[in-house]
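What follows is a set of structures for review.
Shared between the two complexes below is subunit A, which pairs with subunit B and subunit C, respectively.
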Partner chain A sequence: MTENILEIENLRVKIGRKTILDDIGIQFEKNESVVIAGRNGSGKSTFLRCLANVIFPDRGSVVYNEGITKEKIGFISDQISLFENLTVEQGIRFHSSVFHVEDFDYTLINDLKFDLSQKIKNLSAGERTLYHLSLLLSQKPEILLIDEIIHTIDPYLREKFLEAVIELIDRCQTTVIMINHTFSEIEKIPERVLVMEKGQFILDEKCETLGEKIKSVVSEKETPEEIPYIFKRESSFQKEYFIYPFKEEFKKTFPYEYKELSLNDIIKAFVGGQYVKEGN
Partner chain B sequence: MFRYNINFSSPVPIYQQIILAIKLEILSGRLKTGDQLPPIRELAKILKLNPNTVAKAYYNLEGEGFIESKRGSGNWVNYKNIKLDSLRKRMLEDEFRSFLESALSLGATKEDIKKLIEKDLSHD
Partner chain C sequence: MLKKEISEVLKHTIIFILVVLLLPAILLVTTIISDQSYFSVFFPVLQFGLFFWALFMGVSLFSGDRSQKGMEYLLSLPYSRLQLIGIKILPRLCAVILFYIAFVYLYKTGGFDAAATTFIPFTAIYFTLFLLALSLSAFSDNFIILSVTSLFSLFIYSGFLYLVYWIVLKIRGTPLGEFDFKELLLLEPGLFLWLDLPKFLPIIAIALLLPFLISFVLSVKKFDVRPSRVLNKRFFKYFTPIFVCCLAISFLFAYQGTRFEYQEYYLTQDKKLIESNYYSKIRIYDGDNVYKTEKKFEYFWPLLDEDEYVYDLWGYNVVRLNTSNYEVETLYEASEKRKLSWLRTKYNNTIVFLEKNEDLSGPELVLLDESSRKITRVAIEYMPLMDYFNPFIFGTDKINDKRYWLIHSPLVKKYPILRIWEDGRTDIIGNSQRRPCYVNGMLITYTEEAIIINKETEGKFETIREIPWELDIAFSTGWRRFTNIPLKELYGHKHNKIARLDLETLEAEEVGEFSGYLLYSHPGNYYFLETVKPGVSRNIHQLKEGKMKLIKSFPDFDIRKGYSLRAFKAGIVFKKDKEIKVYAFPDLNELKFKKL
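Presenting the complex of A and B:
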């Protein structure tokens, strides 16, 4: 029923002696929305760049479904040059001629109410992002890669941005993969969450069932070895363990109070930097 | 539209929250058979949700017999075959049970709870 759009095998990227991505294997389905969270330097952006074919891996492969050509892969990052000296209008015309777009949709551009004759380099960070997004939307992308950009946009433009992405997901069955540092109140789009740590995915779950898979336990002593946890938070008076993967039978054998967590709690726990991951 | 807010910091999956919100709208009489529900894309945009999440909620509501989906024309409220009274009773029982749990965990006695309920009910 669900069809994979993208398969990644044994992906490895090294920069100098440092391993950035360490043997990653993962699949993405058509029309799913995925968020990648993780600390700074964990390899998220490098991973996304590999998917965008901007950098090439040292080993392994990134294979898109047949028929997904380069113009069907949209990549938004704040580090992309957008022909800075063109005006917005020239940029749109140039883009349309290169990608054979006949019916460029000005809705988003018009919503922004900015002057079409100003140069791209003079746009604000949020305006640039929306300008770039509307270029990409005209190609009806099958996959949209969003690199940590949402937090740079002001709340008004952020709404417009998210609405455009929602429209795209519904209209074109696009797969969306986004990186986010701050999982703020507004980003409710992802259905699957990946957490990256030291070049590997240490968590890969559907958002819907995440609450059943991760629980937290507060304990004064160490939890027994049989209970796997991915990280713990320590303070002077208690230890909090994040149990993953959680199994119902733990409740019988180890009568702790297992607390349910929301997606927000979990992401915050990972990226907040206040948690210590233990190699247990 | 919805009076019920979707609570993203809740561990309850979002599609279940939408289902509950629509059921509450129906129970309270604000949504009646024949009313149209907002299109999936519109509701997704308003609440900033994934359209698939909204679609899943509608699909489940249709399966439970609360709404009817007509191809090309949208989703309509239709709960003719649902006994609203028994649904209301069931939801009330659930709410009451969770209230009771928190009350008991506060150390309240059965007498305390009874008194409180009688006092509050006699007030209006």
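Presenting the complex of A and C:
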């Protein structure tokens, strides 16, 4: 059994009267790669910030495995936060000194042909993302936390980014926890999917088993009540039901044509279902 | 991380220095300010610039990171919050201190004359502003709001400081007196403010600052990127109870402090102990009882007692305390403008002193009859007296039923001794480089080489004896009074020897080693407090007829630490910290005052 690298218990974060994270309890394993999805404002970024020590929870605990120090945690926020007034070179030196990086790997920097003397604030969003990633990769983190940043990068750099992440997972057995909405390009990465809604995880499944647990059915009529669905998409001539949790016996009892879903569709179904719930 | 912070502070420092150096030049060149030297414009600009600097160093703790959008990156670095704060505060604190040192140097080498505010208020405001701004640096993301809040907090803080002081003095029943807090707030120059600063004031100033600093440290331990109201809520959760506690502690300190501040003891001839201090009511300890007076004045500094009265002849007004019915009377209310001399003298029923006349155009002798309260003012025809520094009346006598008073001021050129007649005539009867004395009808004066003993003959003082000794000796009856009671001897010290002047043979001799202090309890009573090592005293000796006799040994006490020993005609008052012991002559048995 793989050891837990990170355990969260009863995590609660509030801002004023609004509860952002609501008594979350969850564990992450070493070398696990996790994607967190959910609606805007569901608490994903706040959750990641709690893991990165950027936000202190009002209650609960974030406990790292023994041996995991703050130097071994890498975090890129959706703000791509860095000290903008530093130059690229100064930023590298600063990061290396703080995280005790002895040999900084300039590969990614050189690939992107950065001018080391230019200020970080003059880099584009995509360049900053890759630059920040190169800083984090140099510290060889055991846990890498990535907020919603992929959408800011052009396809070429996105591919570079994802290759770097995959390499990190393979080489350093890094646990990657990433927030993302679209999965078309990252389907190779996640082993586990979490969906967050109103500060709670409403889905926590391994990718390999997720496809077995969620299926869709297209029907002109309403499906029986015995078939649970998380989301219904209606058009003028048909209804599509996203069924979760799917059971094999449904195939016998309810002879519909059950479709396999991609990860993207699964996430859309969960997110869409929440919107519908709220609308009702 | 520390290098980064130092580099940021250095950048700000360079900009600040440039502004402070250039602004006076601009003001002078553009003739906004003219007819002044660069330094006289530069120094006040520097003072106010330093206030801004202190404020900026405090509030800028996170502003640089915020402006660079680096807060999340900062907080994700492998440091605890307290480590981060420490790294950020250290270079800022060093910058504040270094500029303060530079300010002190400039102040002492000429800035004093050009200063817009004096040293103590500047120091207090400078560091308080920095610490307050620091403790509120996470209060908001907006730099202007932070600055305004910090300045506002300074006023609130000062207000509470004043409130504590004011309430305590009200409880004590004392007017605010010479130490006027407004001077600090309004930054008016008060030359000797530092001398009169109550010792408890810095303590309560720190006590009231602590809630800000402690709350900051406690709340910033969980500082994060959530809106600042989250941190502020936490800050006030700590601040409120800590502030209430510190306010209570401040009251206690101030109340206790006013009890013991500038405390003086005086033992009367009928063995009553008078206790007075700057803020509290006068207490009279009489055996097992203690009596309090209602204060009518700012400070009671008893100098002499006669019969049932104890007199304060030094203070602002002439005051006497009746030790039978414990009433305090102001015999004379002085005018600050007219004061010519701090020390007044009492001879028999007359209190005599010098003042300027009503239109401040000339000096006058003031004779206050104690019984009738009648004041006689005698215009003095000697204008140079107006320029004397604290002229001292040291003797009196009569010739053909006309009384005269002898006056000296050692800081006046040629050191003249004046004889002022009660009809206003003035003559210069001699000189003395040291304080002269008048005893047994003889005037004892000093030149650089000798002690001169003069006697009055037909209205003039003629030398009857000259004792060749180097200067550095002064025989005295004590500076608090003079007497026309015949004395047998006088004591003084010459270098490291105790010296004696026999007033019958007019011979001077060395009596013993001088390592300590001569104490004069009363004309004719001399004591010597011996020091055993620098600052530390132990033994008290009586000096009589050329002999030194040990009369009491005390546990070692250090005069430099505020311990004191005073001799009075009736006995000795020994004070060590808050411990007071009283010993009565002749045997120096301890006098017990039950409620002391």
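General observations
In the analysis below, the second predicted complex is superposed on the first by the 258 of 280 C-alpha atoms of A that agree within 3 Å, B and C clash if a C-alpha of one lies under 4 Å from a C-alpha of the other, contacts with A are read in each partner's own complex, and residues count from 1 in each chain.
Basically, a contact is a pair of C-beta atoms (placed from the backbone, for glycine too) under 8 Å apart; a residue touches a chain by one contact, two chains touch by 3 or more.
Because the structure is a prediction, the values reported are computed rather than measured.
Room for both subunit B and subunit C is found when the two structures are superposed via subunit A, with no clash between them.
Of the two partner chains placed by superposition, only subunit C is touched by A:Lys70; subunit B is not.
By the touch criterion stated above, A:Ile166 is placed in contact with subunit B alone, subunit C being left untouched. Touch criterion met: A:Glu208 reaches subunit B, while subunit C stays clear of it.
Look at A:Phe104: by the touch rule set out above, it reaches neither subunit B nor subunit C. By the touch criterion defined above, A:Phe254 lies against neither subunit B nor subunit C after alignment on the C-alpha atoms of chain A.
Of the two partner chains placed by superposition, only subunit C is touched by A:Ala52; subunit B is not. Between subunit B and subunit C the least C-alpha distance in the superposed model amounts to 26 Å.
Across the complex, subunit B is touched by residues 31, 33, 159, 162-163, 166-167, 169-171, 185-191, 207-209, 211, 260-265 of subunit A. Those residues of subunit B that touch subunit A in the complex are listed here as 6, 8-15, 40-41, 44-45, 47-53. Touching subunit C in their complex are the following residues of subunit A: 13, 15-16, 49, 52-56, 69-71, 73, 75, 77, 79, 81-86, 94, 97-99, 121. On the subunit C side of its complex with subunit A, the touching residues are 1, 3-4, 64-65, 68-79, 222-227, 229-230.
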